[in-house]
Amino acid sequence: MTDDVTTTDGVTTTDGAPLAERIEAILLIIDEPIGLVALAAAVGSPVAAVRQTIETLVDDYDGRGHGPRRGFELREVGGGWRLYVRDDHDDLVADFIGGQAPARLSQAALETLAVIAYKQPVTRSQVASIRAVNVDSVVRTLLARGLITELFADAETGAINYGTTDTLLQHLGINSLDELPPISPLLDDGADGFDEGTIR
Amino acid sequence: MAPSPDESSVDTTDAVDPATEESGFRVSLSNFDGPFDLLLTLISKHEMDITEVSLSAVTNEFIAYLKELDDDEELDQASEFLVVAATLLDMKVAGLLPQGELVDAEAVALLEARDLLFARLLQYRAFKEVSTWFARCLHREGRRHVRAVRLDEKHRKKTPELVWSLSADDFAALALLAFAPKEMPHVGLDHLHAPLVSIREQAAIVVTLLRSAESVSFRELVAGVQEPGIVVARFISVLELYRHAALSFEQLEPLGELTLRWAAESWSDETLASLGADYDR
Amino acid sequence: MTDDVTTTDGVTTTDGAPLAERIEAILLIIDEPIGLVALAAAVGSPVAAVRQTIETLVDDYDGRGHGPRRGFELREVGGGWRLYVRDDHDDLVADFIGGQAPARLSQAALETLAVIAYKQPVTRSQVASIRAVNVDSVVRTLLARGLITELFADAETGAINYGTTDTLLQHLGINSLDELPPISPLLDDGADGFDEGTIR
């Protein structure tokens, strides 16, 4: 096929690092399916070699290689490749997520949501400094619930700014953020300790 | 790896990152020439008498050393030096005291205090050394990549429907709660459960009591007061009034009765209003 | 080991689905480390069997099983198991995602963190007495980063006691506080004035 590719499992790149490993490293961290060309650019190998290695990995994960079948599979969706839980285990995953995601938001999640609602756009570290606790996992929950969304990344720091979604407005029974009851008088008092006075 | 305790008290380069240590602050005294850290090690091992070390010479050298550092490094090094210098000074005070025959209890207590200071220095160094391990691990792990991928749409749809019961007003109330400044209390009165006490108010009471009598003892001044916070505030207000030369006090023996007399030549309510401003947040 | 477990790669659960696959399915979707017990509950198998299968998977991914070495690995960090990119490929992934390294902690923050880690539960004033400086703002930073947390308020003084979090363990790449380097001999001398015993 291409000159710098050996065979099957043992496909290696020019620099000697196994191409399959490099591809797996990228596949492990991507959120969205990745196209062959982008993947080839990421691992620094020709598209043809990447395609061949992907095919090997698909077979491998499906148990047609030397190892056992995996609980995940490599699928091409919408022109890109991504790791998915094998369909056989969908029920297992659904049960697990059901157990992980309680139907009600915790007090911590609600308070964080309130801070984001009144102070948006706001970064995670700004919320953390107002709440005086780390809010990473709570922000993940709120994102997963579709109550907040990533608005934009700060041009300088790259920190992501968050805001609330229409889903939240629907839950609150209001049409726009302007209808949120004002809380300014008390906020003014409390604002001293915080960075800048952008609170409404 | 971990700073091995035995080695670290003998050979400093083994316990701490040699790079930072060797480029660190060196001192050159009449009886010692070498890295500052080694000096501390020798003192802490009692192999060098603290009283022989000229703190002012060390300080002069340190200031010269600081001038050659860049800003960030300087700040870290300077704050560290202050900590160590303060401890050294304490040790020196203890070290200069006579320690021949341990007859009186006071001398014994002072010696124990000196040991405690040695211990404090050792402890500080132990944490400082182990902090390099923290820095190393945090740096190494900061480069790792963990799988943290958003749940795939198919599975997200299966999460149980969110139960939402808050109205917009409830939500606003919650926001108020969330925005209320978390008390990141200053050390001091925050530890007391008592409500905050105003030093100014207490001073007003003290002024009234003092002006209505020839002399008042502090005991009388706090008679009937139950809350420790008020006693403290009243005492602070006495000190503040003393600063303003508004009163004089007399104590005939240590821990004896404290007698206060009004001594202000000119006193106005404005002075009272600005009293204790240092204590305002 | 346990009755419903066969051998090595072929470990199966009572219902016949390979335990390894079920575990892999869960590992693929979690966003924080999962402990053995939680994992056992999720896949519906005894803890012993899960432990054994995890060990098999670790070996497998490291290339000591039947298949090739993987670009990812299974690590026990911060009290649970999680999939990581193999460290050989960290640079590759860093180039790909192009993120910036998180802000480093100051020397003061590192030392404060060390004191809290070894002496927890500990109050701010206790930390300050060891560090001999005011630690309020540093503690605030550590709280916002999620590296320490408020444990409880002292019954008498109301002073808040702090301790470290699992997030710290994750950031250090260790699994439990027992893996902190020992410093006791140096501290023994110094322990007089402090709450004895808790130092390791």
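General remarks:
Labels A, B and C are assigned to the chains in the order they are written; within every chain, residues are numbered from 1.
Going forward, a residue touches a chain if its C-beta (ideal position, glycine included) is under 8 Å from a C-beta of that chain, and two chains touch if they have at least 3 such contacts.
Just so it is clear, the model here is predicted, and its values are computed rather than measured.
When chain centres are set by their Cα atoms, the one at the greatest distance from subunit A is B.
When the C-beta contacts at B-C and at A-B are tallied, the pair with the greater total is B-C. Think of the whole protein's Cα atoms as having one middle point; the chain whose own Cα middle lies nearest to it is C. Distance from the subunit A centre to the subunit C centre is 21 Å, each centre being the mean of its Cα atoms.
Computed from the mean C-alpha positions, the centre of subunit B lies at a distance of 31 Å from the centre of subunit C. One finds 42 Å separating the Cα centroids of subunit A and subunit B. Shared interface positions of subunit B, defined as residues touching 2 or more other chains, are 145, 147-149, 151-152, 155, 184. Shared contact sites, meaning residues of subunit A that touch two or more other chains, fall at 25, 28-29, 85, 93, 97, 132. Contact residues of subunit A toward subunit B in the complex are 25, 28-31, 84-85, 90, 93-94, 97-98, 101-105, 110-112, 114-115, 117-118, 130-132, 143-145, 171-174, 179-183, 186-187, 190, 192-193, 199. The touching residues of subunit C, when paired with subunit A in their complex, are 9-10, 17-18, 20-29, 31-32, 42-43, 60, 65-72, 83, 85-86, 88-89, 92-93, 95-97, 99-100, 140, 143-147, 149, 165, 167.
Note for the complex: subunit B touches subunit C at residues 1-3, 5-6, 8-9, 76, 79-80, 82-83, 86-87, 115-116, 118-120, 122-135, 137-149, 151-152, 155, 184, 186-187, 190-193.
Across the interface of their complex, subunit A is touched by residues 145, 147-152, 154-156, 158-164, 166-169, 171-172, 174-182, 184 of subunit B.
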